[in-house]
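Below is a structure I'd like to ask you about.
Labels run A, B, C, D, E and F following the written order; every chain starts at residue 1.
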Amino acid sequence: MPFEPVILFFILGLLAGIIRSDLKIPGVLYESISIFLLLAIGLKGGIELAKVPVASLAGPALIVVLVAAIIPFLAFAVLHNVGRLARADAASIAAHYGSVSVVTFAVAASYLLRLDESYEGYMVVFLVLLEFPALVLGVILARRAGGDTRWGHLLHEVFSGKSIVLLVGGLLIGWIAGADGIKPLDLLFMDLFKGMLAFFLLEMGLVVASRLADLRRAGFFLIGFAVLMPVFAGGLGVVTANVIGLSVGGAAMLATLYASASYIAAPAAMRIAIPEANPALSIGAALGITFPFNLVIGIPLYYWMAVSFEGAF
Amino acid sequence: MPFEPVILFFILGLLAGIIRSDLKIPGVLYESISIFLLLAIGLKGGIELAKVPVASLAGPALIVVLVAAIIPFLAFAVLHNVGRLARADAASIAAHYGSVSVVTFAVAASYLLRLDESYEGYMVVFLVLLEFPALVLGVILARRAGGDTRWGHLLHEVFSGKSIVLLVGGLLIGWIAGADGIKPLDLLFMDLFKGMLAFFLLEMGLVVASRLADLRRAGFFLIGFAVLMPVFAGGLGVVTANVIGLSVGGAAMLATLYASASYIAAPAAMRIAIPEANPALSIGAALGITFPFNLVIGIPLYYWMAVSFEGAF
Amino acid sequence: MPFEPVILFFILGLLAGIIRSDLKIPGVLYESISIFLLLAIGLKGGIELAKVPVASLAGPALIVVLVAAIIPFLAFAVLHNVGRLARADAASIAAHYGSVSVVTFAVAASYLLRLDESYEGYMVVFLVLLEFPALVLGVILARRAGGDTRWGHLLHEVFSGKSIVLLVGGLLIGWIAGADGIKPLDLLFMDLFKGMLAFFLLEMGLVVASRLADLRRAGFFLIGFAVLMPVFAGGLGVVTANVIGLSVGGAAMLATLYASASYIAAPAAMRIAIPEANPALSIGAALGITFPFNLVIGIPLYYWMAVSFEGAF
Amino acid sequence: MGVQLSPRKLLTIICEASLEEAIAADLLQSGGHGYTITDARGSGTHGRRDAIWPASANIRIEILCAEEAALDILARLQESYYANFGMVSFLSDVLVLRPEKF
Amino acid sequence: MGVQLSPRKLLTIICEASLEEAIAADLLQSGGHGYTITDARGSGTHGRRDAIWPASANIRIEILCAEEAALDILARLQESYYANFGMVSFLSDVLVLRPEKF
Amino acid sequence: MGVQLSPRKLLTIICEASLEEAIAADLLQSGGHGYTITDARGSGTHGRRDAIWPASANIRIEILCAEEAALDILARLQESYYANFGMVSFLSDVLVLRPEKF
């Protein structure tokens, strides 16, 4: 199979939603599994982090974060100036695309595992670092025209957001306890991870099906953006990965991070920080187009780009 | 032990309900585990299905489904003509008994596993095929006197019902991905299955305890029906299994399918399709009597019938 | 690490609550995991119980329960006479401290496992037996001045409470089915136990954070009580354990049981049985101080006491 | 006073959860502009409905609308569901902002 | 007009979830014919009750009944629970079909 | 009659779940003494909100208070949220015990 089998659960959920099945995944289960996934990813990263000298990551991390800032700025320019979207909408969408999708990251990790392609375990640190700067940039872009942002409030919102708390918390626990300390928890947080991911993708399929109507409102320009933006960002990721000397697997992962659009942290933060932006547009694009695109086409594409680019030297 | 230990969880739930314990299993957990069980059974079946030529199943499947149609017709005749139940009630109960119980099927599978008795893995295909025809027959029986059934609506209701969607969806995913593709999910969907079943049976015990009052309304005739009907249907299953050449384990499983009464798909579908039927009667009989009867007495009995009948040749 | 790594999840939850993160664990998940933990502990105990002649436990169990009765009486005297708390409040708090905390017990078991220190498996029987007498004593202490207690009602409340039902139910199932019968459930109830405990501790951290305000109302006297009472009770546990001849691990476990304060069974029972007691005081002390104290300092201390005391002979 | 309030009716329906889709469809057909649903449990002439499994769950539906629409919806409910389903409805007077919305 | 409406009272009680069984029993004893419960959280003089664990959960109970019954239930609640429990109740006027049911 | 009832207003707000913290803070600032929240789903001019994930969940907030406070809160809501959020509010008359509490 050219794609990860776990994607089939997403397709099942999508079809169930489209035929208007009475299959409903309780909202509580959605929340529980998302907490699980965030915590598990953090733990896994923390264990890996314990294996490398943290200081040695500072340089690469800085480059990864700085380069990533290109994405929201470019996205905003395209959406606002070319696509004529309102400033608030353009800024909010830019924040979604500048941030990252944890589930897309997890599917990419599964994809590489199946290909026996290894990648740098501390990648999760980049995931955490990439999650929030774009959210702050989005608000800055939205507010350039003026308006009163309660910055203290916004920063609290972002840093105390459940994604950051669980990812960073998991990272620290994994780092402090180390692989040995966590071993009794491996069954839940490591071995069951993929099954939980399958379940979550089933739910995401149902959610995406319920947002398909939003896409009509979005229009062709936004749909095109939602496909081309991740491809460009993926390319940027592969180049950056080579600059900082990541493996092929690492390059594919960084490309996926750059290419993915957030739909856990960003919608929550943007709804409060840029209330005048229409969430149907940002969620429609990020979740309705980019997320499935990345699952089915994007991840194999970014991997192929990572392999080809390395071969290019 | 003559019975499956997992049944003890059902008994615990039942007792907890009877002594009016404040133990309450959240409704959301009920829904989550039922989604899990349906999906897991589908997946398991799909993997097995991948091992046999699908075309070769068409003949046996047709026989299994056609013979099964006897059950709702007979049940309706007994209930309406002998038991003097109203047409709608008789038809609705007939639909419950013509359809199948996924949990009873799972307990029977556990029972056989403990005895090291193997059965045809594609049995799940029969489970799926037996789930819905009786629901449609039930509505036909209820409406023979006239009345306006919105058939398009009913068929949509049945085929987009969560049981069918998850069973068929799981079947297809298992079939497409195959045992290898599903392997990383085995821990969740296969190895944890029995634990989840135990938890679900605890919940079912609580549910059954809360429906015991319905049984008084049901009356002796219906209680007798709820014990004798499955025994007859089980016998029919053993005979049919021998006609299509199933193993002893397969015969016990088919007998269990025929003997079991639905309480996930049928109550939901019948409530909408035959609203004038009293759900206390159908659920009281199917869940209050037949379900526990099958768990404790039925399954060992059907297995004994399967063994004896084979020995009879 | 001097402490159990699983405690880090508690600390994460506590910090998340303190910084007012939007991380919220759904109440349903709390209930589901608490059902799981109670049932799993019961099962584990039942399997162990099947290995010893039950009659031989009667003597030690009687001693354990009788000595434990000192705790609520002493606690009441200290709180009511020294601390000048109202009779109802003193009695309710005494009941909490006389009863036991299942999660503290589980963390202590983890702690000993990591140290390769074994303990008597039938300890769970003591856990069950210690859970309820203090609840009844608490009501007696509250009502000494008169007042009308509906005793039948209270006893039903206590014995049909979910903690007792699940612990005793699990115990009986484990005992009847034995290690072999339960084996297919081991993955869920044994191997996943510690992961579930980690998740639950995360939730408990959030809950404790939300009760910190109660502590201010509690005052210094109660805070001192919440630290010193468990230390005294732990000492009593070590002595009692040596009287009935438990191993060092068993002594540490009994000390933990004596030292722990209930926050699942007791709050529910006391709210109904002694409604005039302020739950902010009892829960603030038991959950806000004693629970974290036991996790971080108490358990290692009781173990050290158990080791030293044995060495003293 | 910064707010302009206008009278409208609030129609509340309590019924079996299995009717959710059907009633939601009915409401939109009756020209309703919106509704709000919460999960519920309860007790009535059809016995105790404790919501521990789907077959015993209730829902509580609220519809803000003009009096005429409320009576129209009530009449439909009475005709379609009252005979066969556990159901209770009641009407009350409320004041709303933006009356044109309802 | 196809619907016949009669006036009744709606009594709403918001209280600690731990009282659910006790109040449900009281209601049936006071001659109530039914009630509806939803899960809730909130804030009041007893502080914030965020429903993240059983001890901090609220419920919201509604009872449709005649005025007399409503006052009777209120009097009982006041006597049995107001002193020791977080609890708020209010009464409002509603119109119902089938008034004999309540 | 054992109970003394006084008139108060009940303000009900139905809105996106993401506003919970913000509105709860507003209420306490406006001098509100308490509120009750239940989870909800629904449909309105912003489309269907089915609560299958956090971004499509609603909440239903109730505040018992004096008329003045209710109008004050309504005015604030209208100013802060009506333009950008799915939100519906309504006011009704109720009778309460212990009026000084609200």
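Note that in this section contacts are C-beta pairs under 8 Å (C-beta built on N, C-alpha and C of every residue); 3 or more make two chains touch, one makes a residue touch a chain.
The model shown is predicted, which means the values in this text are computed figures rather than measured ones.
Identification of common neighbours of chain D and chain F yields E. Centroid distances built from C-alpha atoms place F farthest away from chain B. Each chain's centre was taken as the mean of its CA atoms, and the one lying most distant from chain D is C. Rounded to whole angstrom units, the spacing between the C-alpha centres of chain A and chain B is 41. Annotation: 35 Å between the Cα-based centres of chain B and chain D.
Across the assembly, chain A contributes residues 22, 24-25, 28, 31, 187, 192, 268 that each touch 2 or more other chains. Touching two or more other chains at once are residues 38-39, 92-93 of chain D.
Checking each pair of chains for touch leaves A-B, A-C, A-F, B-C, B-D, C-E, D-E, D-F, E-F.
By the touch criterion given at the top, residues 24-25, 27, 30-31, 203, 206-207, 210, 213, 263, 267-268, 271-272, 275-276, 279-280, 283 of chain B touch chain D in their complex. Of all residues in chain D, only 1-3, 5, 8, 10, 24, 28, 33-39, 62, 64, 92-98, 101 touch chain F in the complex they form.
For chain C in complex with chain B, the touching residues are 28, 31-32, 35-36, 39, 156-157, 160-162, 165-166, 169, 172-173, 176-177, 181-182, 184-185, 187-189, 192, 268. Those residues of chain A that touch chain B in the shared complex are 1, 5-6, 8-9, 12, 15-16, 19-26, 28-29, 110, 187, 191-192, 194-196, 198-199, 202.
Across the interface of their complex, chain D is touched by residues 12, 14, 38-45, 58, 60, 71, 74-75, 78-79, 82, 88-93 of chain F.
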